[in-house]
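To start, the structure under review is shown below, and the notes come after it.
Each chain gets a letter, A, B, C and D, in the order it is written, and its residues are counted from 1.
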Amino acid sequence: MSNREPNKAEGFLQCANCKKIIFSVDFEQNLSVCPYCGHHHRLSASKRIEITFDPGSFRELDQELSSLNPLDFPEYAEKLASAVEKQQTNDSMTSGLAALDGIPVCVAVSDFNFMGGSMGAVNGEKITRTLERAADSGNPAIIFCASGGARMQEGLLSLMQMAKTTAAAQRCSKLGVPYFAVFSDPTMAGVLASYASVADVILAEPKALVGFAGLRVSKQAGVGKVPDDFQTAEFALHHGMIDRVVPRKEMRATLIQLTKMLGGFKTHV
Amino acid sequence: MSKTHKEWERPLKELEDALLKLKELNRREQDPATKERRESQISGFEARRDRYVEVMYANLGPWEKVLVARADNRPYTLDYVQAICHNFVELQGDRNGFTDHAIVGGPAMIDGRPVMVVGHQKGRSIQERQLRNFGYARPEGYRKAIRLFEMAERFRLPVITFIDTPGADAGVEAESRGISEAIAASIFKMFELTVPSISVIIGEGGSGGAIGIAASNKVLMLEHSIYSVIAPEGCASILWRQADRGADAAKALKLTAQCALDFDLIDAIIPEPKGGAHRDWPTICANVKAEILSHLAELDTKSPATINQDRYDRFRRMGVFNDGLQP
Amino acid sequence: MSNREPNKAEGFLQCANCKKIIFSVDFEQNLSVCPYCGHHHRLSASKRIEITFDPGSFRELDQELSSLNPLDFPEYAEKLASAVEKQQTNDSMTSGLAALDGIPVCVAVSDFNFMGGSMGAVNGEKITRTLERAADSGNPAIIFCASGGARMQEGLLSLMQMAKTTAAAQRCSKLGVPYFAVFSDPTMAGVLASYASVADVILAEPKALVGFAGLRVSKQAGVGKVPDDFQTAEFALHHGMIDRVVPRKEMRATLIQLTKMLGGFKTHV
Amino acid sequence: MSKTHKEWERPLKELEDALLKLKELNRREQDPATKERRESQISGFEARRDRYVEVMYANLGPWEKVLVARADNRPYTLDYVQAICHNFVELQGDRNGFTDHAIVGGPAMIDGRPVMVVGHQKGRSIQERQLRNFGYARPEGYRKAIRLFEMAERFRLPVITFIDTPGADAGVEAESRGISEAIAASIFKMFELTVPSISVIIGEGGSGGAIGIAASNKVLMLEHSIYSVIAPEGCASILWRQADRGADAAKALKLTAQCALDFDLIDAIIPEPKGGAHRDWPTICANVKAEILSHLAELDTKSPATINQDRYDRFRRMGVFNDGLQP
């Protein structure tokens, strides 16, 4: 369940789920979905943008934002520096403008590889700006979630991002500007309990981990039996929390349909 | 490192117990001379106790604040409501099939005016702790809160919330009924409000479970309350794989009222009486009431649209980062 | 459970629940609540009005409305005539204006004795007028429910009363005029599934029957075990459907508190 | 008295089966003379069949309407959506912990414009019947509907609902999650809407479960659909303690489209093709689409406030009683 990264070797790789060997070319063409078992491997933000939006339409914004260490939290500076160096980006969240079948949209895409996609101040700011750009322009917001939750190294400042981002989503709602969220693996904790869950329409990738607390915590807290599909996208669907589980190869088409139907009537000016 | 407030206050408790015994002894004492001598002994003990309290509480470290914030003789939400409001009518139910007692709420009068009160509620007896789910609110608690927020908006009542939870219920049942959605929807609803809202962190402000009903125009913290993105034990367990390093985590997390104020995340600190809120309920209740009324009076001067916009702006500012503008 | 009527004899009567003998005077003074077991016996509309609102404040309206037999439904005319004669009123619902600790309120009170309090066109009209009077005046609406559901003898016209009354409740809500419902025994089916359940605050008398379908139907329909308190006020409370179970002798005081706190700010003109 | 549509149509079915056999026989026939003779025999059979259908459906009694309305080869909600809309994206979930498949919904395009579709959905296969709970919607179905109505309002999409349910789920679980509240809240929400709404009773309009999503600006009924305060069998069982007197109850309840129109409770009857909607899906779908579009066009001319007020007025008028004004 937890490891969504395929083992890589030259020219081929191994599915993280069924362990079958897949040629890299096939894997790429299949959008990083295992052709054998259908397992959806995690995507980088750039790959996600490439396969979702109109070719060449993405224009990144906010990339100048970078995290500080306001709490002087132990080991945070080092972890951050290493993530920045390794991922060649300032934060797990990539935000900007794009087009979807010609319709302008405001987008933010999370990359789990950057510190588990955790939401610190930069992350929250990018989400907020994305939703505000949607509210201001009347163009739909589309956010791809992938996060373990709030970034504890930024303490209460991180917790406040839950309120800040949700407030921005409320602005869109109030103005009749649609906001679509896509839960990719994993969408957890402080992210799930804030802006992610208040989207107008919520789609999820098959088998994506979706939940409030780690499985260990849930087991400790509860007395009930843990269902087999606990904290998967399918469990969330069965429990009325999301609208659809959409295979990756249908995601773009579904978003286009929704955008065309719900984004047509701008009430703001 | 003490693990509980009781453990941490044990020396004080021993002193107080000795004092009590001494007083009882003297009450029955017949000999005036002995009585007088013991009286002065008692005074000395009392002075010692007072100094002890003063020293203990003068410079509470973050971990001690955690212990005090969790003390089970601290006033809880309904204690405040009882002390500072009248006419409280508790309303129940999420209108969706479930009920939760870890969040309570309903209309009440404060200083002659109606408000809508919502708050986490912990229990003291074993039965009440179970009833209150140890303060871990379930999805239905947040959905009840949403219903009450809507009612407050409809009838133009200011909203007062009291925050006191170790965190939201993370169990299998809570998950299956959408604890995350419930918290998110409650935050969302609070930002819809055009009536003033004030939140008071009275004890533990535990992560998502706390912010779920704390997205207000004004957020106040009691001097020894805590507000944190994660429980210190949980943080320690993730960071160092040692849950017993809670004290180190508490320090790292900067979860005190003073830190929250320094980062401009709260609006005021409500001073606690010497030795903490649990040592003097009337004083802390009076302080809380005065703070609420003073902030209410300020908010009363604003239009509904301004109330809503101010709340947005308040949270919009939060977050420290490098915006890349200055090199 | 079903029989809430005490057996009457001269000077005394028998509790429908515990079967103990109660002096009529004590029974009256105790608001028809058994002094031994606390069983809340059903009340007539006039008695309910007497014990709830300020003495002499009630002014009946709409009493001129009476039912017709638009479907020419078998036996309906006879049943109706007999109910009218026996109860000396045109309908189960009594509506009008009253005062609650000096505050003017718009009230409707159902009497189960008149054809099981069933909701036909007259009943629905009186509820609607009560809620409209509240919406128009800004004074709170208070409705005491007691009904087996829609009146099937008026067919689809009865079903439409569900929509009509709920629409009127929505008007109150929109205008910020409070509407309080009290579920007395029984509050069922088409009444529960319409105006009764959309009140701002819902109170219920102890042990009042509250449910959608008859117990037999529920058992047939479901596979689950039937809880002991199924379809009682307490069950409804436990399942988040009502705000409080309030003993009869505290009902007036509770309504006064609520009226004073929620009725103070009229947003309409 | 036939109990099911299948039973009632059995003579017709036998005729059609014979026709089918005859045709098959003739397909393989080598001898031209026999072939020709049989061809005319077939034509005769077909004419007989057509007359039979015509006679059977010319003057359907109320009970026969009940049977036809419940026929499992009648088009269901998703059949209409598929035929008259494109781009339908089904959205799911009540966002409260549960999901229901007896009510479906989501945005779709009709005639090039987006609308929000919501409807009861029955199943045909055994598995699908179970999935759809035999058309008995649960609380979560109505709560999903509410969510979709809100979405329609937010994005200014007209609402189209399709009604086809024997009634709402009355089981212990549905009761414990508040089936009554869910229906009431859904009606309530429909009256909040300022976007146009149209409801089409396509089969069974069964009591509270039906009105739960039928409080619209325009309510249309298919010619052979029914709309009733109570299932005829239930009515018979209460009135005469004989559930098998459904036919008598159906008559007494006046549950046909014509009666509903006579009492001014619906706005139009959508004619069904000869022999009922189930005999000719393309025709009934075309009729339904045309009716929806024509009413939509009319509603398009009205302001949001008028749409809301008209809907209120529409239901406000309903009810026949003596107002005591004329003696």
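By our rule, a contact is a pair of C-beta atoms (placed from the backbone, for glycine too) under 8 Å apart; a residue touches a chain by one contact, two chains touch by 3 or more.
On a predicted model such as this, the values are computed, not experimentally measured, just so you know.
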item: Chain at maximum distance from chain B, centres defined as averaged CA atoms; value: D
item: Between chain C and chain D, centroid-to-centroid distance (C-alpha), Å; value: 33
item: Chain B and chain C, separation of their C-alpha mean positions in angstrom; value: 41
item: CA centroid of chain B to CA centroid of chain D, Å; value: 54
item: Two or more partner chains touched - positions in chain D; value: 95-97, 143, 176-178, 181, 185
item: Residues of chain A engaged with two or more neighbouring chains; value: 173, 239-241
item: Touch-based graph of the chains, sorted into line, ring, star, complete or other; value: other
item: Touching residues (chain side chain B, partner chain D) in the complex; value: 95-97, 139, 143, 176-178, 181, 185
item: Interfacial residue positions of chain B with respect to chain C in the complex; value: 87, 89-99, 106-109, 114, 140, 143-144, 151, 154-157
item: Interface residues, chain A side, partner chain D - complex; value: 173, 176, 178, 200-201, 237-244, 254, 257-258, 260-265, 267
item: Chain A contact footprint on chain B (complex, rising order); value: 136, 168-181, 183-185, 187-188, 191-192, 207-208, 210-212, 214-215, 227-230, 234-235, 238-239, 252-255, 259-260, 263, 265, 311-312, 315-316, 318-325
item: Residues on chain A engaged by chain B in the complex (per definition of touch); value: 64-68, 70-71, 73-75, 120-122, 124-125, 128, 150, 152, 154-164, 166-171, 173-174, 189-190, 192-198, 211-213, 217-219, 221-227, 230-231, 235, 239-241
